[in-house]
Amino acid sequence: MASIFGKIFTVSTWGESHGQAVGAVLDGCPAGLPLCEEDIQKLLDRRRPGQGKMTTARDEKDRVKILSGVFEGKTTGTPISFAVFNEDQRSHDYAEIEKWYRPGHADLCYDLKYGFRDYRGGGRSSARETIGRVAAGAVAMKFLKQVAGTEFLAWVDSIGQVDCPAVDTDKLTHEMIEASPVRCPDSDASAKMEAEVLAAKESMDSVGGTVRLLVKNVPATLGEPVFDRLDALLAQAMLSIPACKGFEVGTGFAAARMHGSEHNDEIYCDNGTFHTRTNNAGGIVGGISNGENILCRMAFKPTATISQSQKTASRTGENGELAAKGRHDPCVAVRAPVIVECMAALVLADLYLQQKRNCL
Amino acid sequence: MASIFGKIFTVSTWGESHGQAVGAVLDGCPAGLPLCEEDIQKLLDRRRPGQGKMTTARDEKDRVKILSGVFEGKTTGTPISFAVFNEDQRSHDYAEIEKWYRPGHADLCYDLKYGFRDYRGGGRSSARETIGRVAAGAVAMKFLKQVAGTEFLAWVDSIGQVDCPAVDTDKLTHEMIEASPVRCPDSDASAKMEAEVLAAKESMDSVGGTVRLLVKNVPATLGEPVFDRLDALLAQAMLSIPACKGFEVGTGFAAARMHGSEHNDEIYCDNGTFHTRTNNAGGIVGGISNGENILCRMAFKPTATISQSQKTASRTGENGELAAKGRHDPCVAVRAPVIVECMAALVLADLYLQQKRNCL
Amino acid sequence: MASIFGKIFTVSTWGESHGQAVGAVLDGCPAGLPLCEEDIQKLLDRRRPGQGKMTTARDEKDRVKILSGVFEGKTTGTPISFAVFNEDQRSHDYAEIEKWYRPGHADLCYDLKYGFRDYRGGGRSSARETIGRVAAGAVAMKFLKQVAGTEFLAWVDSIGQVDCPAVDTDKLTHEMIEASPVRCPDSDASAKMEAEVLAAKESMDSVGGTVRLLVKNVPATLGEPVFDRLDALLAQAMLSIPACKGFEVGTGFAAARMHGSEHNDEIYCDNGTFHTRTNNAGGIVGGISNGENILCRMAFKPTATISQSQKTASRTGENGELAAKGRHDPCVAVRAPVIVECMAALVLADLYLQQKRNCL
Amino acid sequence: MASIFGKIFTVSTWGESHGQAVGAVLDGCPAGLPLCEEDIQKLLDRRRPGQGKMTTARDEKDRVKILSGVFEGKTTGTPISFAVFNEDQRSHDYAEIEKWYRPGHADLCYDLKYGFRDYRGGGRSSARETIGRVAAGAVAMKFLKQVAGTEFLAWVDSIGQVDCPAVDTDKLTHEMIEASPVRCPDSDASAKMEAEVLAAKESMDSVGGTVRLLVKNVPATLGEPVFDRLDALLAQAMLSIPACKGFEVGTGFAAARMHGSEHNDEIYCDNGTFHTRTNNAGGIVGGISNGENILCRMAFKPTATISQSQKTASRTGENGELAAKGRHDPCVAVRAPVIVECMAALVLADLYLQQKRNCL
């Protein structure tokens, strides 16, 4: 059913890994926002593969085209259509995957669901689908930057057994994150993570990781009571990213070990504005942003497709083994931060526009 | 914005803690399902307060009425309207809360969002709002039981520092869960958890906990690629429950420490049906159910409202202290399992009906 | 599928003619709007039956209760739940209708669609379903009155062969409309229409009619390009009223006989505001309101249920005859104006709130 | 807000008259439907301009590309992306329109709504936007043809003062319609209509017309009670087509002159299937298809843009005159039939898929 996300600021993505193109339609962006292809391209460049040993060897330039919705450098209020044409496809790599189901991969489920599947590179379950999300998320980010100064920073917090130490959220920058080949702003941890990824790659294996997200300058009041709580929509947004298996906000699972007297963030008023002294809530209370930084953490499982031989079954029900060829990321968490930022921006932009009409 | 959940099997809840009534409208339930008030009442009875030392002293019978959509004992295919009239309200308990914001509670955010709030008992952010979800979820559960034999079992997996040991999912029953005052099927752990809750209560405090969910006999093919993945919608559903701060599916956060060769579940075919030998995925791959048990875990923070004195600010910006009166659950996790089951049933019923039309 | 109308200001109705109650949930109304039951009751009183010879003899007081979403006389921004309990039901009148399909009525289609039906009084296809729309529409109207001074006036423009002469839209009032037993503001036409209705009634027949709608003080800019054009949504809204078979806006069908040079409304600017000299467009151009009065016209077929004997078939496929008992309106158009106004208000309130976020 | 139509079988269109391209994303089409570009192209060829004296001189090949969602000649169940690149644009023709608002055109409303507009060729309000609808509608039509043998036939029923006589719906074919330059299957009427269009063109004017739609082999049971009635959604669909100002189903406005005993269609049962002897209802009763032919009629106003000089105002509030240059259809009704068919197919495909889940 509908590959649509959001209620007012809505994005609809389309495209398969090995089809002609991938893209998205963004509808509901207010008129008058300055926008050009370069605004989107710089985020896509952070997402794209072929950037070193840490990612898949597939080399895609991922040049985005804006096909509608922008006139004389500004959004017109009408749907913005993005397309990225696929280039370095090599479909022949995937012949064996037509027959054998990759363990941990969506192959089997797609066949059960639809009766057949586009077996080239995962089709719609490919990470290439996220291009459309990044394109739309880039606009969401630009919009929120303009109306509220909101900033999104996501980084790799752990890979395998290696953890990033606590980060100073006041000083963290995109430059610090992007300087690391694994997108971990702590240089010691980054070096160890790199080794972890390479070790996995060399043993024809993959490895999992976690990503943290920080959102600064969040307007209070975003999030709707009950089902469309801000944290509930962030959870959906994050779990909708391929390989994401867990989400927590603020102290998250650790909160389940705490007492109320420890966990509750003390409220104070300073010059007419309300703040909290601590931020165990991660900036969201009762499903609504309170104006503090949003903090959350996501778990990414290791890439399903590995080159090691694994036992599995075929479409026709034969039991056997598969050693997957093709080009794959050894650690999907490394490419996840920009997608995490963009999905969060889509959630916040939509709730921002919803909030505009909550009061007379 | 719209307090509506689901695309085909949709539930819309309404009502405040201290208004006249709470309820829900369920739309999109197929015609012909046998349904009576008792089907819903038995789940509401698991949710309702006033059941012992483990929950709030507020005593509500929570008798549900079905006002439409059922004729001669069967659903007609038209909207089913549920109402539960509030009885034991005692609004006078909440006078002080009109003035002081409870730390960790939605009070401040509602005031910022709407300009004013129904301060009696949390209004819409009250746990009483979940009555409508349980009513609709009961129908979802009955529907899935009939069409697929699906069963939902949720239990308390930890409270504070006390953990429930691994449960034998083949043998687990609702009776085992409900026999425990804290809804933990392991009797040793249950006794320790009870002590943990009472200790918190005695020190005028509250305590957090985690809940596990097991869904058995899940049809494969449920879940839509991209945004409406089964696990993404479960994450939204769970985080939409008051006090839920984290969600993980299958091995969840532990997956981020693993290698692909460990995490991938081996696929095999037995008599024409595909299975996996392990279930690290928690029954969901690529966002789609694979027919194995669904397993997930949720973190609930400690109840925000506590009787201890806490520093906070008032509506008018005065900084001071509040010791909340009123009647509160010392551990919300204890009452969460039936809500968790119902939210999961709503997600699965909706995706089941969506799937019906995915193939020619 | 979902009995929900609107995207932001959404109404969801529930209830059957002979169930316990009928009602609606209105979600998305901004916080802070003054609202009490009397605001709704006065519109319901215009809709309700049993008001004279022109309508069905069923006597329902239709007392509305607001069960949620209002606190201290103002909307809270959360869902507003309305219920009207059914009183004068007499289900025994409908026994024969269980067996024989009424020609022109939804009986057969419901049986084909759902496999069975609530045969008492038409169930969900009953005009009583519109109570929920009027309740929600009353709020929409109050909201638009407050934010823009918008006013809605609908009246009967023809019954059978009798037409109402052109009305002076500047002078028309609700009092003029409601003074007529057939809701036609022209007293001569009203008298002739009354005779037409009574003649139909006496011959155990029914008669059709048309209704005109005038909306004054409409803010320009309402309506979304393409599918959610203001006129397209008005058309859906009107055709969704039982017995409505046609819709036209502005000159409507007559426009198909005209030339562009005749039909185009000349634009002029007066003191910085744009107006048109004529209003052939009916206040809507390109699907967007231009600030002029909205004018449209709807056709209502004669009531399907008549007491004359008609040939028809039974559920079991027997061909025979039915002379319907029960109490029925001889002319549904007479009770339609308030429903027309309310549906229009729901459309405009929703588009008003959508428009709030179209520009930066 | 969202340019999306449908709930399950959803289409989202994008693109402006003079942007790079126009297109659509179709989501929710079941997997396994045979589909190729030629299936769409043949309908687009019926829509495209530059086909003779009856239409605008703008010459567009309108070659459609399918960019996703089809694999090995069949739909995969994932979003289908269509694009048509614009070729013959001549934006310089539109310079004057930047300044002066065309009477009867959306120019003014867009400026009021968004603060500025893409003034080249009407931007999003251009008839070129309908390309995306035709592309998606072509798939809807193919789907319904395969599952139910459904056929859609629309033709021009009047232009100006010339009417087409009653058509034999059993014998009508697309060939008969397309053989006429004005798409009127009656050759005498066609010749007179041609003269009417040419006369308008020669006097630098435009002329209105009506279109009839016939749908054959409609499955009974399509349409949802209350808001999503089949006739209500058809009304929305039709009024959403540029220049459409009226809609009626079955006898439509004429029903308002009739008595129930005349209008009600007698039901009979023949070999276990229910039929009606007449079809005043136009195949839809209570908002649900009854299996008879669907019949409806739409009014199209004369093209707003004409070359005659008209009084109007400028963006800056100056009152003056405009004689619009550019290339325009003298009668939009002539190109409407294929759009009408496609919009109807989108409505029916969506309701068909909704109906799939209404019973257990």
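Every chain is named by a letter (A, B, C and D) in the order it is written, and numbering of its residues begins at 1.
FYI, a residue touches a chain if its C-beta (ideal position, glycine included) is under 8 Å from a C-beta of that chain, and two chains touch if they have at least 3 such contacts.
Just so we're clear, the structure is a prediction, and the values are computed from it rather than from any experiment.
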Between B-C and C-D, the pair joined by more C-beta contacts: C-D
Remotest chain, chain D as reference, centres from CA atoms: B
Whole-Å separation of chain centres (CA-atom averages), chain C against chain D: 26
Distance from chain C to chain A - Cα centre to Cα centre, in angstrom: 46
Centre distance in Å when chain B and chain C are each reduced to the mean of their C-alpha atoms: 39
Residue numbers of chain D (touch at least two other chains): 1-4, 7-8, 13, 28, 31-32, 77-78, 113-115, 124, 225, 354, 358-359
Chain D residues within the chain B interface of the complex: 7-8, 28, 30-33, 77-78, 146-147, 225, 353-354, 356-360
Contact set on chain A toward chain B in their complex: 1-5, 7, 13, 101-106, 108-110, 112-115, 124-125, 129, 158, 160-161, 200, 205-210, 220-221, 223-229, 231-240, 242, 245-269, 272, 274, 276, 281-282, 285-291, 299-306, 308, 310-314, 317-319, 333, 354-355, 358-359
Chain A contact footprint on chain D (complex, rising order): 1-4, 8, 10, 12-16, 19-23, 25, 27-28, 31-32, 65, 67-69, 71, 74, 76-81, 83, 113-118, 123-124
